[in-house]
Amino acid sequence: MPPDATSDAPAPFRERLRIVIFEADTRAGKAFDVALLISIGLSILAVMLESVPEINTEHAALLRRAEWGFTALFSLEYALRLYSVPQPLRYARSFFGVVDLLSILPSFISLFLPGAQSMLVIRSLRLLRVFRVFKLARFLGEANILLTAMRASQHKIGVFLGTLSIMIVILGTLMFLVEDKATGFTSIPQSMYWAIVTMTTVGYGDIVPQTVTGQLLASVVMMTGYAIIAIPTGIVTAEIVAAARGPITTRTCAHCVSEGHAADALYCKDCGESLTGE
Amino acid sequence: MPPDATSDAPAPFRERLRIVIFEADTRAGKAFDVALLISIGLSILAVMLESVPEINTEHAALLRRAEWGFTALFSLEYALRLYSVPQPLRYARSFFGVVDLLSILPSFISLFLPGAQSMLVIRSLRLLRVFRVFKLARFLGEANILLTAMRASQHKIGVFLGTLSIMIVILGTLMFLVEDKATGFTSIPQSMYWAIVTMTTVGYGDIVPQTVTGQLLASVVMMTGYAIIAIPTGIVTAEIVAAARGPITTRTCAHCVSEGHAADALYCKDCGESLTGE
Amino acid sequence: MPPDATSDAPAPFRERLRIVIFEADTRAGKAFDVALLISIGLSILAVMLESVPEINTEHAALLRRAEWGFTALFSLEYALRLYSVPQPLRYARSFFGVVDLLSILPSFISLFLPGAQSMLVIRSLRLLRVFRVFKLARFLGEANILLTAMRASQHKIGVFLGTLSIMIVILGTLMFLVEDKATGFTSIPQSMYWAIVTMTTVGYGDIVPQTVTGQLLASVVMMTGYAIIAIPTGIVTAEIVAAARGPITTRTCAHCVSEGHAADALYCKDCGESLTGE
Amino acid sequence: MPPDATSDAPAPFRERLRIVIFEADTRAGKAFDVALLISIGLSILAVMLESVPEINTEHAALLRRAEWGFTALFSLEYALRLYSVPQPLRYARSFFGVVDLLSILPSFISLFLPGAQSMLVIRSLRLLRVFRVFKLARFLGEANILLTAMRASQHKIGVFLGTLSIMIVILGTLMFLVEDKATGFTSIPQSMYWAIVTMTTVGYGDIVPQTVTGQLLASVVMMTGYAIIAIPTGIVTAEIVAAARGPITTRTCAHCVSEGHAADALYCKDCGESLTGE
C-alpha cells in the first residue's frame, strides 16, 4: 500500500475488509485467499468440462449454472475489492485488477457472442495469487531473480530471435524452392511454418521433405536448430548465475582497488578498508 | 546405524547377518549385494517378457514359476532384513524398506487381481542399491551435489512450472477457439494436451493445426517452448555450478560471526576484521 | 567511416545524403531507416503472398506491380548509396553492400528464369539494419558478446560436430543393416537422414524402426542425442559466462608484462610485483 | 612416440617413411594425410552410393571396383604403417591401429557374408585424423577440455542415467497398464520404447496415448523429460566452466591462506608471496 494512501484513513470496517481480501498474513486473510484459489480452480475446471462435447451434452444445465455462480461470486469479490481498497483506480489499473475484471467479462459477453465463455480460462491468471498465500517473500524473491535474468538478457534474446526469424524466412523459402509442392510445401508461409516446426525440434511430421536435396537442406535446418538452442540457454544461464551471485564486480576498494566485493560488503575483503567511505 | 541402536547389543549371528545383508564392505556383503542385483534384474526381465504376448503364450508356465520363485526369494530376504536389523520398524519405514515390501506385494495381489504382477517392475527401484556396491561414497557424493542443486532450485522451478501450466491452459484454450474441431482440437483439455506436446518440443503430430491462424499461434507456442527450456536449464546449471564451487558460506567471521564470505576473502566484509586470524 | 576517407572531402550534398542514408542519428536519417525497414517488410510480405496459390491467382497483377515497385525503389536506393558513399567499392564489397545488391537482382533474373523472384526474401537480411535504428550501441554490444562467445567456442563446436557427423554415419549404417528395408531405411543416406532426425530430437516419425533390434538401437541414438545436447550448450554457456564476466586478460603486469590476471588480483601471479602500482 | 622407442634406431628410410605417414608437420607428411583423408571420404561415399538401390543397379560394377581399389590402397597403407613404426604391436593395439584394421576387414568378410561391406563406413572413424592435419595442437586442446569435462562428470551422468532408466521402466509399465493395447502399447518393452521416445522429446508419433488417463500420464512424462534435460546440461556446463577456468581453487597461499589462484600462478595474487615455496 503506497505511503500517501495511509493519509486518508479508511473506515475501520473497510480497512478490516481490505486486510482480509488483499493480505494473506492474518488467519482470515489466508482463509479467504485459499477459498478464492479453490473456487478459481473449480470455475476453470467447469469451463474445461463444458468444452468436452460428451460431458456438456449431459450436464449442460449444471455447468452453465456453475459458471454463472462463479461469475456472480467473482463479480461480488471484484466489487468488494474496489470498495475496500483506498485507491480503487490504482487497483483497477494494476495487473491483478485488470485480470480480475477480465475473468468475469467473458460470461456477460457470451450472452451476445456464444462460445466466448471459453475465455473464462483467463481466470487461471488469478492463480498466480497462489504464490501470495504461502511463503510469499521467498517465492517473490525467486521470481525476481528470474525476472532480473530475463530483463538482463532481453537484448541478447532480441538479437537471437531477430536472427532466428530471418533464418526461418530464408530457409523456409529455400525449402519451398527445392521441395515438391505435393509434399506440403505449398507456399513460402507454409514452408516457414515447417522451418519453425523443425528448428524448434518439435517435428510434427505433417510436412516432411521427400526429395534428396530437400532432406539435405532439412538436415542442415535440424542441426542448426539443435545447435543454436545452446545460445538462449547460455544467455539465460549466464544471467541467472550473475543474478544469483548478485552484482559482484561493480564495487572497487578505494584503498587497494580490488574488485569482486559482494553486494552487501561493508569492508574490502582484501585489505579490510571500509568500502562505504566511513 | 543410529547410535542408540548399538545400546541393545544384537546377537553375534544377527549382527553378522545384518552386516552381510545391509553392508557392502565385506566380501560376503558385496557378494550378497551383487547376487541380489542380478536376481532383481532377472525378475524384472521375467515380468517384461511376460507382458509380450507372443513370448507369454509360449513360456507362460515357466515365466509364472520364475516370477513366484523370485517373489519367494525376495520375501525371504525381506524377512531376514526385518530379523537382522536392530530396529525393524525404522527399516520398514525407510525408503528402501517400503520399496522392498512393494516389490513383493504385487505377486500376491495378482492372485485376486490378474495383471497386477506387472507392477512388479517397481522392483527396479531396488536397483538403486547398485550405487551401494561399488565406490559407494563417491556416487553418493555426486548424487548429493545433484540433490543439493535440485533442492536449492525447487522454488525457482516451482515458479517456472506454475507459470508454464497457466500458459498451457491459456494457449490450449486459444487453440481450441481458433482451430477447427475436425483437426483434433475437440475440447480444451485435448488442446491443452496438444499444447504440452508442442511446448515440450515432443511433437507427436497426432494433433496438428490446419488453419492459418492456428499455425501462427502454434508457431508462437513452439518458439516459446523452444526458448523457455533455457530457464530450467539455467536454474539447475547455476545451482550445480554453485554446489560444485563448494560451500561459499562456510567461512564465518570470528569477530561479528557474519557468513557468506567469498572463498578468497582476507577480511570480513561486514566488520573488516581479518578472516585469516593474523 | 575510415579516417583516410575523410581526406577527399565529399561535396556537401553528397555528404548530407550519406548521413541521411547511412547514419541513423539525425532525425532525417532515422526517418529514412524506418521507412526503409517498413518497405523491406512490405516487399517480403508481397513475395510471400505471391507464393500462396489462392492469393496469387486473384491478385497476381497487383503483386507483380508491387514487387517491381519495390525493386525499382531499392535499385534507386542502391544507386544513391553508391553515389553518396566516399568509397563505393568498399561499400559494394561490404556485407550489407552485397546484401543490398542481392536483394534486387532476383527480380531481373526472374525475367529469364520464372520463379526466381522467390529469392527476393533475401531482402530479409536487410532487416538486420533494424538494430541500427534504435539503441544501436547496446544491441551491437550484446551481439558482440554473442559473436565473441561463438568465435571462442568454434573449435570446440568443430570437434563436437565432427564427432557427431561420424556418429551419424555409423549409427545410420547400423540401422540400415538391422532394420527392414520396407520400413523406410532403404539406403545408408536415408538411414543417416533418419539418424539426424532422431539425434536432433526432431522426430518426424516418417521413418521409424519396427524390429526389436532396430528399436533398441534407436533408443541408444535417442538417449545419445538427448544427452549430448548438453555439450554444445555447455560450451556456449561457458563462453558466454566468460564473455559476460568481462575481459579477464586486460590487466597486464607492468613489470613482466604477463596477462591473464584475475579481476581481484593485487599482485602479478607470475613475478609477484604489485599490480596496483603501490 | 615414446622415449624408449628412439633407443632402437630405425633405418633412415623407415624413419623417413614413418615421418611421412605418421607426422603431419613436414610438407610430404601433410600431403600424405590430405590425400588419405580425401580417399577415405571417397571410399565412404562409394559405400553409401552402393547402398542406394537405383544407383547400385546402374553402376554396380564400377562401385565394386572402387571399393576393392580403396581396400587395396588402405591395406597397403596399413602394411606400411606396421613396417615403418618402431613398435608395430603398440600401434596395432592403439585406437587408430584398430580402426585402420577394421576399415579394411569388411571387404574381405563380404566375400563370405554379402552385405558386410556396408560396415566399411567404419572408415569414417579414420576421418578423426582430420584434426591432426591443421592446427593439431589447438584442436587437441579443445578436445581435451571436452574430454576432461566428460570424465569429470561421468559419475554424475551415471547417477542421472541410472535414475532415468528406472523412471523409464516404471513409467513405461504404467502406460502399459492404463493404455489400450490397440493403440500400440502392446507390451512393457514396447511401452518403454515409447517412454524413451517421449522423454527424449523425440516424439515420433507412431505410438500415442488415446485414453484420457494415458494422455495425463504422457503429459507427466513429457514435462519430466522436458525439465530433466536441464540436469545433464547443468552437469556438463558446470564441468566445462571448471575445465576452461582450470583447477583454480586447489591452491592456497602459505602466507595469507588466500585461495583461487590460477593454475599457472607463481605468486599469491593477494599478498605477492611465492606460491612455489622458493
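Should a chain be cited, it is by its letter among A, B, C and D, assigned in written order, with residues numbered from 1 in that chain.
Note that in this section a residue touches a chain if its C-beta (ideal position, glycine included) is under 8 Å from a C-beta of that chain, and two chains touch if they have at least 3 such contacts.
This one's a predicted model, so the numbers in the text were calculated from it and none came from an experiment.
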Copy-to-copy rotation for subunit A and subunit B - C-alpha atoms, rounded to a multiple of 5°: 90
Between B-C and A-C, name the chain pair that shares the greater number of C-beta pairs in contact. A-C
Distance between the CA centroids of subunit A and subunit C (whole Å) is 29
Rounded to a whole Å, what is the gap between the Cα centroids of subunit B and subunit C? 40
Got the subunit C residues that touch at least 2 other chains? 189, 201-205, 225, 229, 233, 235, 237, 241, 264, 266
If we count contacts the way the header does, which residues on subunit B are in touch with subunit C in the complex? 201-205, 233, 237, 264
Sort out for me which residues of subunit B touch subunit D in the complex. 44, 47-48, 51-53, 115, 118-119, 121-122, 124-125, 127-128, 130-131, 135, 138-139, 142-143, 145-146, 149, 157, 161, 189, 193, 196-197, 199-206, 225, 229, 232-233, 235-237, 239-241, 244-246, 263-264, 266, 276, 278
Contact set on subunit B toward subunit A in their complex: 155-156, 158-160, 162-163, 165-166, 169-170, 173, 176-177, 186-189, 192, 198, 201-205, 208, 212, 215, 218-219, 222-223, 225-227, 229-231, 233-235, 237-238, 241-242, 260-262, 264-274
